[in-house]
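By letter and in written order, the chains are A, B, C and D; residue numbering begins at 1 in each of them.
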Amino acid sequence: MVKVGIVGGTGYTGVELLRLLALHEEAEVVAITSRAESGRRVDDLYPNLRGHYELAFSEPDVRQLAACDIVFFATPHNVAMNLVPELLQAGARVIDLSADYRIRDPQLWSRWYGEPHASPEVLRAAVYGLPEVNRSSIAGATLVACPGCYPTSVQLGLIPLLARQVVDPMHLIASSASGVSGAGRQAKVDNLLSEVADSFKAYAVTGHRHLPEIEQGLSDVAGSPVALTFVPHLLPMIRGIHSTLFARRVDTSVDLQALYEDWYADEPFVDVLPEGMYPQTRTVKGANRCQISLQVPQGRDTVVVMSTIDNLVKGASGQAIQNMNIMLGLPEDMGLKQVGLLP
Amino acid sequence: MVKVGIVGGTGYTGVELLRLLALHEEAEVVAITSRAESGRRVDDLYPNLRGHYELAFSEPDVRQLAACDIVFFATPHNVAMNLVPELLQAGARVIDLSADYRIRDPQLWSRWYGEPHASPEVLRAAVYGLPEVNRSSIAGATLVACPGCYPTSVQLGLIPLLARQVVDPMHLIASSASGVSGAGRQAKVDNLLSEVADSFKAYAVTGHRHLPEIEQGLSDVAGSPVALTFVPHLLPMIRGIHSTLFARRVDTSVDLQALYEDWYADEPFVDVLPEGMYPQTRTVKGANRCQISLQVPQGRDTVVVMSTIDNLVKGASGQAIQNMNIMLGLPEDMGLKQVGLLP
Amino acid sequence: MVKVGIVGGTGYTGVELLRLLALHEEAEVVAITSRAESGRRVDDLYPNLRGHYELAFSEPDVRQLAACDIVFFATPHNVAMNLVPELLQAGARVIDLSADYRIRDPQLWSRWYGEPHASPEVLRAAVYGLPEVNRSSIAGATLVACPGCYPTSVQLGLIPLLARQVVDPMHLIASSASGVSGAGRQAKVDNLLSEVADSFKAYAVTGHRHLPEIEQGLSDVAGSPVALTFVPHLLPMIRGIHSTLFARRVDTSVDLQALYEDWYADEPFVDVLPEGMYPQTRTVKGANRCQISLQVPQGRDTVVVMSTIDNLVKGASGQAIQNMNIMLGLPEDMGLKQVGLLP
Amino acid sequence: MVKVGIVGGTGYTGVELLRLLALHEEAEVVAITSRAESGRRVDDLYPNLRGHYELAFSEPDVRQLAACDIVFFATPHNVAMNLVPELLQAGARVIDLSADYRIRDPQLWSRWYGEPHASPEVLRAAVYGLPEVNRSSIAGATLVACPGCYPTSVQLGLIPLLARQVVDPMHLIASSASGVSGAGRQAKVDNLLSEVADSFKAYAVTGHRHLPEIEQGLSDVAGSPVALTFVPHLLPMIRGIHSTLFARRVDTSVDLQALYEDWYADEPFVDVLPEGMYPQTRTVKGANRCQISLQVPQGRDTVVVMSTIDNLVKGASGQAIQNMNIMLGLPEDMGLKQVGLLP
């Protein structure tokens, strides 16, 4: 059995790691840390785990974590970048679900996160954990930076168009919508049910922190700079991201449906829907899956791509486990066969 | 008191007309028709109306309706176009909340609604009931075609940009999202709570019936053809439309915030928000109001406009009453002063 | 115009007072206090109020408040009991929406609220503001303690049974369910959308603070002690309380439907539904109304009463305004004619 | 592999069987019938199943079904009772999720379902499929009648009290609340999102069809007649049942917490929570589990039990698979280890 440690396990990506790993045939969670909840059983905080874990939260302990085969960071940004260097030196392999190692350029990171990066030397060694792009680098990595939730849905939706250069890369548009769990489990008035139920709004229109991450990933694929107008919205529900993507076609000779089906033919967790079927967040709820469809309305020159994921699974904890499987040479879908919970 | 008749009052726009007219100082509903519910009290079907109405649904009766000062059609499309000619001849003034008289070209209507238009001669006389564009024509009209819900939010959001020709009119994008009440009160599996709660999806991506209506209205304002990529989405909630609009700036010399504030300065029901405040559907819930804000992310050449309405109020019954007030020379906001229900 | 002051206006009962008073023909809000938001416009915090108020929050100022005809306290418990004595001395009339003056016995209050009562001498002068019981005392009161939300729905549902002594008063059961807005606008993890959406649970089963208030009110009506098993539940929605009440009949000779209809025949805001129609929280959403129905299943000896209110209206701010109208000799329904927002 | 057939697979219990069986190590669905959707792939109707099934719906065919090891009926009532006799004769073993074989007395069945029972002779052979009561009979049964959703939650909550005779069996009260998926996937106005979102109501107060089923089951356990006042309510969400149960203690010498913990100590799917922790529907969402807690408020004589299940899992398809495992001698929890989806 693979020994797994989780740093910062009280948030939603933490409990989601526990939910998924409970059924993973080869992984066993041996440590989960939380300063605030140290000593409390995980199934006392999250009663859905009763019967699945005997584990309690503990104070972070480098030696204990270093003894794990894999350590997940399910922390807010600014935690991993301070602890990871020591863990790497102690020989651990780390999968960071936070934003700390997603952006290669520490100055760019700094500009968006408002503080200097604490471990730029490690930053350079981190592999961006989008398996559909970086599978082979992930396999050998000691530090994997799991993509953000929006970046996963937007990149998977746009990659074929940019890689094949069939659209104008400088005028991409993403109108994305996320469930509230993306905002985490912090006590904030803004995320009270009474504030966000029964309503819909855009936010962070001037610039969301996921923007530079998306542009970095898409530029890599396009081989040239890209510019994205990214407008995230908040949905009155818990889980799910739906990205509606717009791009101007510059090459109309390509059969886009065939392009997407071919591009993702061998991907276990990207599902290109048949023409005319559109994705819904509910069909991927609880599942490690991205469903994508596309359309060119009225046969004009704008292509519309729709892409859905569960932000806590393919957008976070599921993708992290997918990366773990790749790093450890396990079957990539081990522990990740859950069917979406519908209805 | 103004005598009001309502044809087809069992749907959501019907009950919303009743809700709003219950507090209208000068209007009295004297007849409300429904073949299916004939004889049943309106407050038996809609118990929120108890204590406000003694009225029962009745079979449609042209003489009774013609005796009204104003007749609202709160019917599905294909009803008004068959009954309105007779009512107009009998001297009634009609406000149609359905799609029958919104599109000037009967062949275009036909193409989108899949049947010939039943009264093209009357179609020509209909005034499109968006007061912010056609107020003076509405005042003298005998037949007003109330705009659709999406068209209201999209047009109010884009009009200043197109009228002042600061954006490319041939590549407009609308990513709109609506509560489920927009689909009406028909018994359809697709609109069951278990099908649409907790989920989000795009629909009608190849072409929604509101598209030609929006393009017609925006072309009038722009003075030239426009092309819109329009993607509607379904929100897991009852009321509210949020449109996120994208346009490419061709003239960057204009102060867009000032443009919008000036354009709508005298409009009682269009509220341009201060810079940095974004609209939410909840702040207009139950109110006859459109809230708008705009932003140019990263100072690039794409402008983003956000526009919200309550689809049943400013997107339907509230706008219809606004039109009635204009037609009858009443204060335009009479009966329409409700404050949005927040939280 | 009546001059109104509001202490602690940033919470949900505060914004609800503003929503309702915006359309009140005789009242004008001249001051609204908040230490935290002092200087901020109310419509900046609550954009649904844009166009209805020019007011900003201000620091509490006894002289300014004392100059008002009516001062509402929309504060958490433990605020009013410290400030009200001074205001009363300065000649103000006060309506307290918090729990501070609801329980006559200061020691009982102390036991449930965990601290000594700060102004027991004033407590004795307070009138419990349930108009259906205390209308005439309210008219002459200088201090009115508005009932809690659960207590309003439970008492209105049980009063006729207890007053007429047709049920066993020592084995009453209330299974109540409330929307999350009842928990207020505090930043608590427990009330995040991600914690309470899509779920249902009982809470405070060992004893909710509203229990002694309910038992006090029902004892008064019954003329003898009562004992209630009260289990509150949290609904995954914003507004509304539904109480399902169970009582054992000791006198089966009474026609219960007739009893309820007669009892509330003259009450403007209590609506006894016809036999076979059950209340829903949506039919009273946004309205100052309690809808009640009852049933004796299988003709056995247990009577079931269902009672619904909007917790923020008849359960708080609407009832407070109803009390204000009574105190000032205004028509009791002034400003309270809103129709429930359905759908 | 066990060959499984499903009759009537287009409803919510059908898709839930498919979701759960997709990960069952020993079962393979070889046939799923639907007259309406015959020929359509199951993953076209339910895209969450894409990648998990190649199966299409087919016309019901007795020979094909009889060749299965187990046939599930996921049909409305009145279907199974007509088809099951033939299947049993052909040698199939049947698990009926509908109401047709739950009530032993065909005349009682008839009174509640409004028509004669079509196969009373088979009715007598059916075993009521509540494993916590009938495990050994289920093991040898050819026909198992799966309990209804409410009956599962109410019975599991009350059984220890009645079996140990610590409460008055003639005055039981169940105030239950269910998500809307319990009403199935029929096109009914009453279950539209716009009708039931954001609201809460009681229904079927005069008598719900699950009442005789519950009373039959509880009488068996009590060894004497029982009388239950059962009030179901509709929750504005998809999945989950919460039953709040009230009973009058006649024997106060029993430690109720210990009684429950002992009673269910060996049950894999009944989880008695520690004192002071209350169940929530979200902690069992998607999981085959019943969570129970109890309390005696104010130390009076009324005991309150809270019991939650996912109506589609432990209340339907999960319990059906649990029965299948028992019938086939498989580990009882095979394919049923899913962790509740929280948040």
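In the analysis below, contacts are C-beta pairs under 8 Å (C-beta built on N, C-alpha and C of every residue); 3 or more make two chains touch, one makes a residue touch a chain.
Chain by chain, the UniProt names read as follows: A, B, C, D = N-acetyl-gamma-glutamyl-phosphate reductase.
Keep in mind it's a predicted model, so treat the numbers as computed, not measured.
Taking each chain's centre as the mean of its C-alpha atoms, the one that lies farthest from the centre of subunit A is C.
When the C-beta contacts at B-C and at B-D are tallied, the pair with the greater total is B-C. Between subunit B and subunit C the centroid-to-centroid distance comes to 36 Å (mean Cα coordinates, whole Å).
Between subunit C and subunit D, the centres computed from C-alpha atoms are 39 Å apart.
Each chain gets one centre point, the mean of its Cα atoms, and the points for subunit B and subunit D are 45 Å apart.
For subunit B, the set of residues touching two or more other chains reads 12, 181, 185, 194-195, 197-198, 236-239, 279-280, 282, 285, 343.
The touching residues of subunit A, when paired with subunit B in their complex, are 171, 173, 175, 177, 194-195, 197-203, 205-207, 227, 229-231, 233, 235-240, 242, 244, 246, 248, 276, 278-282, 285, 295, 297-298, 300-302, 304, 306, 308, 343. In the complex of the two chains, the subunit D residues touching subunit A come out as 12, 15, 18-19, 22-23, 44, 46-52, 181, 185, 198, 238-239, 271, 273, 277, 279-280, 282-287, 289, 291, 312, 337-343.
Every residue of subunit C that touches subunit A in the complex is listed here, in rising order: 12, 179-181, 183, 185-189, 191-198, 236-238.
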